[in-house]
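Structure provided below as structure tokens; questions to follow.
As written, the chain order gives the labels A, B, C, D, E and F, with residue 1 at the start of each chain.
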Amino acid sequence: MVEDILVDIKKDYVLSKLREGERIDGRKFDEFRKIEIQTNVISKAEGSALVKLGNTQVIVGIKMQIGEPFPDTPDKGIIITNAELVPLASPTFEPGPPDEFSIELARVVDRGIRESEAVDLNKLCIEEGEKVWLIFIDIHALDDDGNLLDASSLAAISALLMTTVPAERFEVGDNYPLPVRNLPVSVTSLVIGDKFLVDPSKDEVSVGNTFLTITTDQDDNIVAMQKSGSYLLKEDKFFEILDVSLSKAREIREYLKNI
Amino acid sequence: MVEDILVDIKKDYVLSKLREGERIDGRKFDEFRKIEIQTNVISKAEGSALVKLGNTQVIVGIKMQIGEPFPDTPDKGIIITNAELVPLASPTFEPGPPDEFSIELARVVDRGIRESEAVDLNKLCIEEGEKVWLIFIDIHALDDDGNLLDASSLAAISALLMTTVPAERFEVGDNYPLPVRNLPVSVTSLVIGDKFLVDPSKDEVSVGNTFLTITTDQDDNIVAMQKSGSYLLKEDKFFEILDVSLSKAREIREYLKNI
Amino acid sequence: MVEDILVDIKKDYVLSKLREGERIDGRKFDEFRKIEIQTNVISKAEGSALVKLGNTQVIVGIKMQIGEPFPDTPDKGIIITNAELVPLASPTFEPGPPDEFSIELARVVDRGIRESEAVDLNKLCIEEGEKVWLIFIDIHALDDDGNLLDASSLAAISALLMTTVPAERFEVGDNYPLPVRNLPVSVTSLVIGDKFLVDPSKDEVSVGNTFLTITTDQDDNIVAMQKSGSYLLKEDKFFEILDVSLSKAREIREYLKNI
Amino acid sequence: MSESNEEKKDEIQLIFGDKRLDGRRFDELRNIKIEAGILKRADGSCYLEMGKNIVVAAVYGPREVHPRHLQNPSKAVIRYRYNMAPFSVEERKRPGPDRRSVEISKVSREALEAVIMKELFPRSGIDIFVEVLQADAGSRTACLNAASVALVDAGVPMKGMITSVAVAKADGVMVLDPMKEEDNYGEADIPFAFLIRGGKIESIALLQMDGRVTKDELREAFKLAKKGAMEIYKLQKEAIMKKYISESVENG
Amino acid sequence: MSESNEEKKDEIQLIFGDKRLDGRRFDELRNIKIEAGILKRADGSCYLEMGKNIVVAAVYGPREVHPRHLQNPSKAVIRYRYNMAPFSVEERKRPGPDRRSVEISKVSREALEAVIMKELFPRSGIDIFVEVLQADAGSRTACLNAASVALVDAGVPMKGMITSVAVAKADGVMVLDPMKEEDNYGEADIPFAFLIRGGKIESIALLQMDGRVTKDELREAFKLAKKGAMEIYKLQKEAIMKKYISESVENG
Amino acid sequence: MSESNEEKKDEIQLIFGDKRLDGRRFDELRNIKIEAGILKRADGSCYLEMGKNIVVAAVYGPREVHPRHLQNPSKAVIRYRYNMAPFSVEERKRPGPDRRSVEISKVSREALEAVIMKELFPRSGIDIFVEVLQADAGSRTACLNAASVALVDAGVPMKGMITSVAVAKADGVMVLDPMKEEDNYGEADIPFAFLIRGGKIESIALLQMDGRVTKDELREAFKLAKKGAMEIYKLQKEAIMKKYISESVENG
């Protein structure tokens, strides 16, 4: 009850600020919160990264195993992306098997990496048709202050950049760095009427779960998109968001190159 | 609430008609609804059939795979029958794993096919003790207007009759028709006091889930029976139902031979 | 409601007796209920035992299979312990997957057997790195009148003592008795304030689920301990319980040698 | 999906003249042992052996039903759970219900629902739990016989006794109360349960069948089943009697 | 976790001059067949073929929601279930929802939630169930088109019609309504759904994308998708009309 | 069923004179790092490293419990969830609770239940969630230490501080706070948790043990554990202090 009232008050506040052309935390409409990336925080993982987007915190760990390739791609490694929205990260998350939110999160992050061909899967074949590397990208939310998706995308690509293929542990040769050849960056906007805000905070999301995520690669290709939430989007608005997403992704990619 | 009252009214109507020796849709007590069978409706399946029993609609698709035989029948194929009572088919079905109704349905259909030895499993061995054909009979309910069971049995045997063993796709020789050598037919009666009605419609079932299913083969053998529902059945009544079931099955079998 | 009141009355009664230095059934504080062990009650199992501790009844059956060893113990058999607190055994047990109580029960029993090295796992290797014996210890509660844990431990070791390795059935040589070389015995105490009672009955447990289980082997080593329940335990009390546990275990072990 | 092989295996000889593999006549039951009231916590209970089957039944209730939305305002809700212990069969069975257990639980519950006077206990639950500790052929019939005794032991009012037995076709002959070999290698298996009231078989509470039989063979099966049921019924009554006598002795 | 291989397979030629593998032009839809009101039990229903996709949609509601705590006091609760029959694909699919189905169900539900007038039915539920009986590329778009017709058939008030179609990039060319080969071997897949009101495309209700396209290619994709959607919209309207005419004939 | 091999592996040398494999003395803790209040959404939180263990604890509550039938009218309901991240161990762990996690969660919850003043918050829930981001030996003790600090950070009233540490037997010697090798190849593992009140160890809140020790070795284990616990207790207090000071500075 009390929480419902609080949400309503927050919503009114966000909307009234918005009418004045402002965000509640003073950011510009196309401004991300402060990004911090710590890499190799988990030494037992093949690669890992902790990403902070303002107060939002996500950790991604990469584990690798040897497995069988898919019959139709006998010479390619396999990426498996999984997200756990553990109840530690938010008062609204409950323990249990992945729900539609964590499944969507994992799949959108996965698409960005997969479709940008960020990992050169051809270099992850050990024995054609028999043995290839499986890459487990495990997304673990720690603190959900909004926009877990972009934080997860960033943590995933950061962790992959740091990953060493553990060939020695599995006795199949020398360790080598995971071949990463592209830097997909997702930009999520909260769409409110005819306005949109990138990297929405939890308080801003009180107005509704109405997102558009656009993931682009280092050549400004669009590699993944996801309209999420029940709302209607105008075509011209879409192209406006696309332009902003491309330009923010470029900025973030520069940052990413220096981790 | 409203639904409970409706059920009660229907029940009274069915019972009062019954006392006058009539069924609410004018059928004779031993009369099936109109049977329609469309075969090979799913080209991606090895065989398929859509069966309509009046308004009741069931589709069965047959898929085949290569698998290991059971240790005690190393030279025989394996039949696996599964039923999904998807929520599309009835306002009372809910999404989720199979409940006792769908399990019973699948197992009774399975028994008819298995015990009549409708499929010659000896001809489905690829390599003794190593590789045999698995036949998946998947029953998918579309519209439950009563007697899903007989509709499913009919759809299953019809789909099997149409099935081609996909040997070429699995690179184990030439395709060949699935060897079907018997035509089991189930006849389900609704038992009400000392009366019984074959092929009950949903409205008739408002009086209670008190069924007897008898499956017979082309030599008038009884190959499967299932008393289902909490009621008591007299022995002489049983043999009356048996006689009707045998004769209805013969009629339906003639129909089946012409699909 | 009625049950809550009954529990309260029982609790008051147990506590008032306790203040007078007595147990409700007249036992001494360190006295077990009558122990009865029937062995080989299930001829289809490799070994089995039914244990009665007063009215508490537990049956354990041992089944063996051939499986792959763990990579880091390629020449050792594997023990797998499982407990089912089936709803038959108590009005408070519900059907479903194992809950935390049955998991704890199985794991504490397992630890006693594992850590005392009761079974010589080195003698259960068939082919190093390829084939070893799997020992399934299945605990099946029948009547929970308190202290299922000690009854289960006793039934487990009794069943193991009776077990024949079914080598002939699996065509890997001659049957032989399972090599059992230690007799772990668990003693569970109900801890109430500064007092404790061994082998608590269900009525005594009305005061709370505050247990300490200590499992010892035939050389008076402590091989497993579990403080279970939300309470605080003083160190000196712990060592008192330890002494009683050691001495009761010795008694029970003598009994066990004669089954 | 079928969890295990339900195919018939290669054949072995089951009938030798007028005797069966285990020496029984065609119309002879296996050894049966019944004991009522063997569990303390349950409101009613029964231990039963039927050949190599060993089963224990417990009844709880009539008792409150939780959560409330599962209650029925006009009658008791009956639950029946047929469960096999992992060690009850040759090859260890994974714990938990499989499709076969779900079906057996359903038809067994329905058989008992038809005779329990549910209307006397609105909003209540009557729970019947049966554990198969060792399974041979006919475990569902053994369980129903045990459940029936446990219900009487719990004082649950019923229209009569439920008594259950199977008939099989083995080497072309109908035989009563088949054991494992006759079930595995026989041509048909027909489990029955009857309502027995006033010492007489009144009607059929459970009937299933799989295999291949003629109508005449079915008539023979009914004859055998009714004969067997009457014998089992006597043993059920004796077990209940024995429990009451021993209780009277204890109390009086 | 991904249940199946979502990797692109080795390439095959998809475009031959100004034609596609199946002879279609770049802006040409597959054959579409729509029939409304084909199920008796459902409140609204639709059968739809779109190329080799065969789907059936059913709508139940507005109806009561159980249990009560799932009700929303101010509007109807919408459920959408996209489900594939085990035999709908080359390799048998295990029954039950996988991660892909869960995601498709979520975005499809959201698309419809944006147009259904939920506020008219507080505390109620509107359930949309779509079964994929045969799947080729674009099954989610086929399902949404069928669901939309089934909603109209059920009389659920909406702001307009939802019409869905995908665009793919194949051999560098943007093509409308891709079939399986273009989806598997193409460079991008972009499913759209539009709200069509007053005969005009008003806004985007569903948009996803995976692959690799430029901004200009996206503009081309929008153009193709809108053209395709208008054609599908006509067929949806015809199917509804046909149902109403046949009903009028029957009733009048 | 055991999900993983709990067998002891072949032996390696663990003790070299009066030093351990990692150079520690027998009564020496691993490096410990504690930081309170590191999460925004949680009511209380703590980051903790203990050797190679990295854990994060969050506390939510006291807050409302849903659904209502889980409420307790006389006290708060405590939940404790010990969860390992898939990447926290050498071989990737499948997400979700296994049997080991369930048992650890149970005994850890019970330890905290014994010291949280639950009676002050009837009908409420206090949820303690601990994520193991990297696991070495002793992760359950690290989690309890973090949970205890997070509870203080959340302002949950307790009888005192819970401080947890394990003792192992390695090459016949009792050693404090074992790391992975001592746990895997050692002869016993004994996790403790103590209630510390007024700067003194008052009683035992958690005690488990598996391995093989004598009574005298147990006495030695208690001595080591208490020494270790007092050191950890100091660090827990410092972390809380630091948080409060930094807050005061911020606010004042």
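By our rule, a contact is a pair of C-beta atoms (placed from the backbone, for glycine too) under 8 Å apart; a residue touches a chain by one contact, two chains touch by 3 or more.
Every value quoted in this text rests on a predicted model; they were computed, and no experiment measured them.
Annotation of chain D and chain F: jointly contacted by C, touch as defined at the top. Traced through touching neighbours, the fewest hops from chain A to chain B number 2. Taking the mean of the C-alpha atoms as each chain's centre, chain A and chain D sit 57 Å apart. Remark: chain A and chain C have CA centroids separated by 48 Å (rounded to whole angstrom).
For the pair chain D and chain E, the distance between mean C-alpha positions equals 51 Å.
The set of chain A residues that touch two or more partner chains comprises 82, 98.
Arrangement of the chains shown, judged by which pairs touch: one closed cycle in which each chain has exactly two touching partners. Taking chain A first and chain F second, the full cyclic order of the chains is A, F, C, D, B, E.
For chain A in complex with chain F, the touching residues are 41-45, 48, 55, 57, 59, 61-63, 65, 82, 84, 86-91, 95, 97-98, 136, 138, 140, 142-145, 202.
Those residues of chain E whose C-beta lies close enough to touch chain B in the complex are 39-42, 52, 54, 56-58, 60, 63, 81, 83, 85-92, 95-97, 127, 129-131, 133-135. Touching chain B in their complex are the following residues of chain D: 1-2, 4-7, 9-10, 99-100, 102-103, 105-107, 109-111, 113-115, 188, 190, 195, 202-215, 218-219, 222. In the complex of the two chains, the chain A residues touching chain E come out as 70, 72-73, 76, 78-82, 98, 100, 103-104, 106-107, 110-111, 114-116, 121, 212, 217, 220-235, 238-239, 242, 246.
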